[in-house]
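You will see subunit A twice below: alongside subunit B first, and alongside subunit C after that.
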Partner chain A sequence: MNVATATTASGPHWLLRKSSLQATSVFLLVVLCSLLALAKDTRFVYMLVYVWFGLAYGMLLQYGRFCMASAVRDLFAVKVPRMAVGMMIAVALYAVVAAIVTLAGFSTFHPNAMGWHIVIGAAIFGFGIVFTGGCASGSLYKAGEGNMNSMLVILAISFSQAIVVSASGWWDSLVPQSWIAAAAAQDMPAELTITQGWFDIFTAGYIWNLKGTTTAEIFDMAGTATGIVLLNTMLTAILPVIIILVALYVFYYRKGHLRRTGKANPTLRDEIAGMWAMFTSSKNTAIAGIGLGILAGLHMYVTGALREHYDIFNFGELLVAMGYTSGLSIQDTVFDPGYWYITTQEAQWGGWVMQKLGIDSMDSIFFGLDNGLPNPLLNAPGFMSIGIILGASVMALARREFKWKLPNWESAFFAIVGGTLMGIGARLAMGCNIGAFFATVTNGDPSGWVFLFGMTIGAYIGVKAFTWWMDWSDSRKTSECGL
Partner chain B sequence: MINKYNSIWHAICLKSSVVRRRMRVQATSWFDLFHGHPTGVTSLVIKDVDIPGQGKLHVVRSVDCMGAMCPRPQLLTMKVLGEVGPGEVVEVKMDNPTAVEGFPALAQTIGCTHLATVRESGCWCVYLRKAL
Partner chain C sequence: MAMTFNKLGDHEWELNVCGYTCPHPQMYTKKALQKIESGDMLTLIFDNPSSGESIMAMCEAEGSDLVDRHDGGGSFTWKIRKA
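== the complex of A and B ==
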């Protein structure tokens, strides 16, 4: 393949360009805000860890144009495995670093409950990402590139989740009576009204009766090095990654590679060379995959170490110690995963705005018992999401790729509908492709592969629907022109 | 005295009308970025494009994917490549960095040659040659 990349734009030295100065300004703004937060209280360093890891995630996501939505979508839409390969590289590296972190005793990971809800939620999520053009993280970094379509997606994800977790009334008829009975049997404070609100009933009557474990826990080897390395890392993460990479090579890359290299009867050496060519077909994406994998593991280590330092289990305890008691759950906790996570903090943004508009949802399990509804200025994972947006902005400005892009009516409609589906799917599956897949499989929780399976089904149906829509709208335009 | 106040008033009016006009122009130019820009317009063009390192390319079709989200640019390009003859060159204009990144891999998959990605002000032009 003869590739030439050229530019027609020219100007002053890149450091003196307007976009470079803007990138530096955004970066310095984050530095300044961080220093101000530390000046107010040094314990805000816990929150700043989220900010700076978010910033680094954003920079890497933008650098590698790392779109996890395209990892599954492109396999069906255009039969290109580039992003799926990048994602698998990131999974493998995160798994290795996560094993080291767990062995060091700083893991903050909690496994997800395994059940049908993951497949259904992930399928709805996967369907939505085809229409929004990006997953939850992808939408954040694309928003950082100036894409307002992605900002609409974030809004839709935020509010749809907040509505889903707090809705009651006719929604309650969606759940079976057995779940209502199971929820009523739970010993929970009356203020949570867990038999009202379909998501509360779903959580207390269905999810709480399911088991979520790591592979090491299944074999009673959770605390052992063998269990962590062999079962959680090798068996749950690395082995499936190798199988998926080989499958991607065989079904999506091999034929074209052998045709290009002219190997009619390839040897094992040729096949390995082909695999390597697949890994390096997009260097930026591979580099981003490596960086994201390592950073995601380090993030868990740093948060775990800080929890040990402050002798806390959750950021809520630190907030109480600093005198901030508003917006905490009844357990005095807030959402604080300690690792890369996207959707829950966005739900909190939506829930907080709704609360300010007079729609209180603190009687829900999701907000009232588990995650709280803190002020966005005290929402640590929320700042990770903001960090991703700002990090992507810094990188996009530095590379002169930042551009305000406003949606047309069609893409705005897709962003709102697709984002809403992503929000509903993420809540049903208890996370998005980051929290319910990337963070789970790398920490030995096999439920993440179930999420990927569901997301793949959803993306397949989504691609079919999107292609049909494109063909239909094209034929309509053609017939209108013909008239 | 009255004339002096009148002239000041006129100056304020003039200045404010200039500011208003400038704001209006700025706002409309900003909204021009998105108001219903038809994404994915394919047009029949016959033009020669001079690409550094490639020389002159004879382009037969151009796909305008400005503002389009994935996977529209990729799907439209595949459709257009299905319509042109072997060896012909297609130009794809995009402002979506994620889509641009994926085009060399897309070209590999569909058996085309990715000739060049040319960066222009606010967009990229990708040139693909359909396999013979």
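== the complex of A and C ==
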């Protein structure tokens, strides 16, 4: 394939271009706000770690067009494995760095509960991402490119989650009686009302009875180097990555590669060269995958080290010490995963706005017991999401790719419906493709592969539905050049 | 803005998917490349940066050539000759 070099409109030196100056301005704004936060209290450095890792994630996501929705969607929609390969590269790198961080004793990771809810939630999430045009992180970086459609997706994810975790009504009676009985048997403070609201019943009556473990924990080797490296990293992360990469090569890349290179009877050497060509076919994606994998692991290390430095387990303790007690859970905690995570902080944004509108949801387990509803200005992971938007803006402006784009009616509808499905799916599965997949498999928790399986099924069905929609809507157009 | 797909002349086509986000641009491009003849030129205009990588990978897989590209201001104009 011949690929033309991109030409751009001539003008002043790139450093003096308007877009470069705007990129610099956004970057300096983050620097200035960081300095102001530190001037107010140096302990805000804990929150700034989220901000700056978010900024770096956003820059890399935009640079590599790194969207995990594309990993499964484009595989089925246009037979392109580019992003699936990039995602596997990132998983491998994150797993290696996570092993080092865990061996150093700074891991902040907690495994997810394993159960059928992951498959169902991930399938709903996977169906939704086909219609929104991006996963939860992808929507953030695309919002940073000026895409207002992605802003709508973020809004839909935020409010749908906040409603799902706190709403109560006739649908509460649809949950199994065994869950209600199990929830009622939990010794919880009365203000949580855990037998009201289906998500509370689901959490207390079903999820809490499940076990979440790493592979090393299953074999009682969690504290050993052998367990961490061999079982968590090699067996749970690297081996499946190799299998998936070989499958991607065989089913999606090999035929075209051999045709292009004219190898009718390929040797093993030719096959390895073909694998390498697949890895490097999109250098931007591969570079982003490497960078994101390493950064995600380092993020855990830095947060873990800061927790040790401040002798805390959760950012809520630091907020109390700084005098901020509003919006904390009844355990004085807030959502503070200590690593790359997206959907829960967005649920908090939605919940916080609803609370300001008079809809209190602090009697739910999700907000009242676990994550709190802090002011967005004190929401550390929330600032990671904002950092992703700003980082993507910096990169998009620097590359002259920033453009304000308003959605049309069709894409706005898809954004709201798809984003709502993503929110529902993420809460059922206890996370999105980042928190329930990327962060889990890389830390030895096999539940993430169950999430990927469910998300792939959902995306496959979503692509079929989307293709039908495109064909149907095109068939109604009268143009002689219809598609 | 709605998608437009027009014949500009003999063996010359134009697909404009500005305003659309993933996965519309890559899916419309795939459909357009399926519709035109081998050797035809497709001028593709889009403004969703993320779609570019997938479209390039799709061209590579099918052996189509990206003979000219003009990127800037958040918009992309690519000329693709179908294999």
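As a working rule, the second predicted complex is superposed on the first by the 476 of 483 C-alpha atoms of A that agree within 3 Å, B and C clash if a C-alpha of one lies under 4 Å from a C-alpha of the other, contacts with A are read in each partner's own complex, and residues count from 1 in each chain.
Keep this in mind: contacts are C-beta pairs under 8 Å (C-beta built on N, C-alpha and C of every residue); 3 or more make two chains touch, one makes a residue touch a chain.
Please read these numbers as outputs of a predicted model, since none were measured by experiment.
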Item to check | Combined model on subunit A: subunit C and subunit B, fit or clash | outcome: clash
Next on the checklist: Looking at A:Tyr46, would you say it contacts subunit B, subunit C, both, or neither? Reply first, second, both or neither.
Outcome noted: neither
Checklist entry - Where does A:Phe125 make contact in the superposed view: on subunit B (first), on subunit C (second), on both, or on neither? => result neither
Checklist entry - Does subunit B (first) or subunit C (second) touch A:Phe109, or do both, or does neither? => result neither
Checklist entry - Now for A:Lys142: first (subunit B), second (subunit C), both, or neither, which partner does it touch? => result both
Next on the checklist: Quick one: is A:Ser281 in contact with subunit B, with subunit C, with both, or with neither? Answer first, second, both or neither.
Outcome noted: both
Next on the checklist: On the A-aligned overlay, A:Phe438 touches which partner chain: subunit B = first, subunit C = second, or both, or neither?
Outcome noted: neither
Checklist entry - Touching A:Ala77 in the superposition: subunit B (first), subunit C (second), both, neither? => result both
Next on the checklist: If we overlay the two complexes on their shared chain A, which of subunit B and subunit C does A:Trp409 touch? Say first, second, both or neither.
Outcome noted: first
Checklist entry - In the combined picture, which part of subunit B sits where subunit C already is, 7-15, 25-33 or 115-123? => result 115-123
Checklist outcome for this item: subunit A residues where the subunit B and subunit C footprints coincide 1-9, 62, 64-65, 67, 69-70, 73-74, 77-83, 130, 133-134, 138, 142, 145, 149, 256, 259-260, 281-282, 284-285, 396, 401, 403, 405-408, 411, 463, 466-467, 470
Checklist outcome for this item: As the complex stands, subunit C meets subunit A at residues 1-7, 13, 19-24, 26-32, 35, 47-50, 52-54, 56-75, 79
Checklist entry - Which part of subunit B faces subunit A closely enough to touch in the complex? => result 30-31, 33-40, 51-54, 67-72, 74-76, 78, 95, 97-98, 100-102, 104-111, 113-122
Item to check | Contact footprint of subunit B on subunit A as seen in their complex | outcome: 1-9, 62, 64-65, 67, 69-70, 73-74, 77-83, 130, 132-134, 138, 142, 145, 148-149, 252, 256, 259-260, 281-282, 284-285, 396, 401, 403-411, 414, 463, 466-467, 470
Next on the checklist: Can you tell me which positions in subunit A touch subunit C when the two form their complex?
Outcome noted: 1-9, 62, 64-65, 67, 69-70, 73-74, 77-83, 130, 133-134, 138, 142, 145-147, 149-150, 253, 256, 259-260, 281-282, 284-285, 396, 400-403, 405-408, 411, 463, 466-467, 470, 479, 481-483
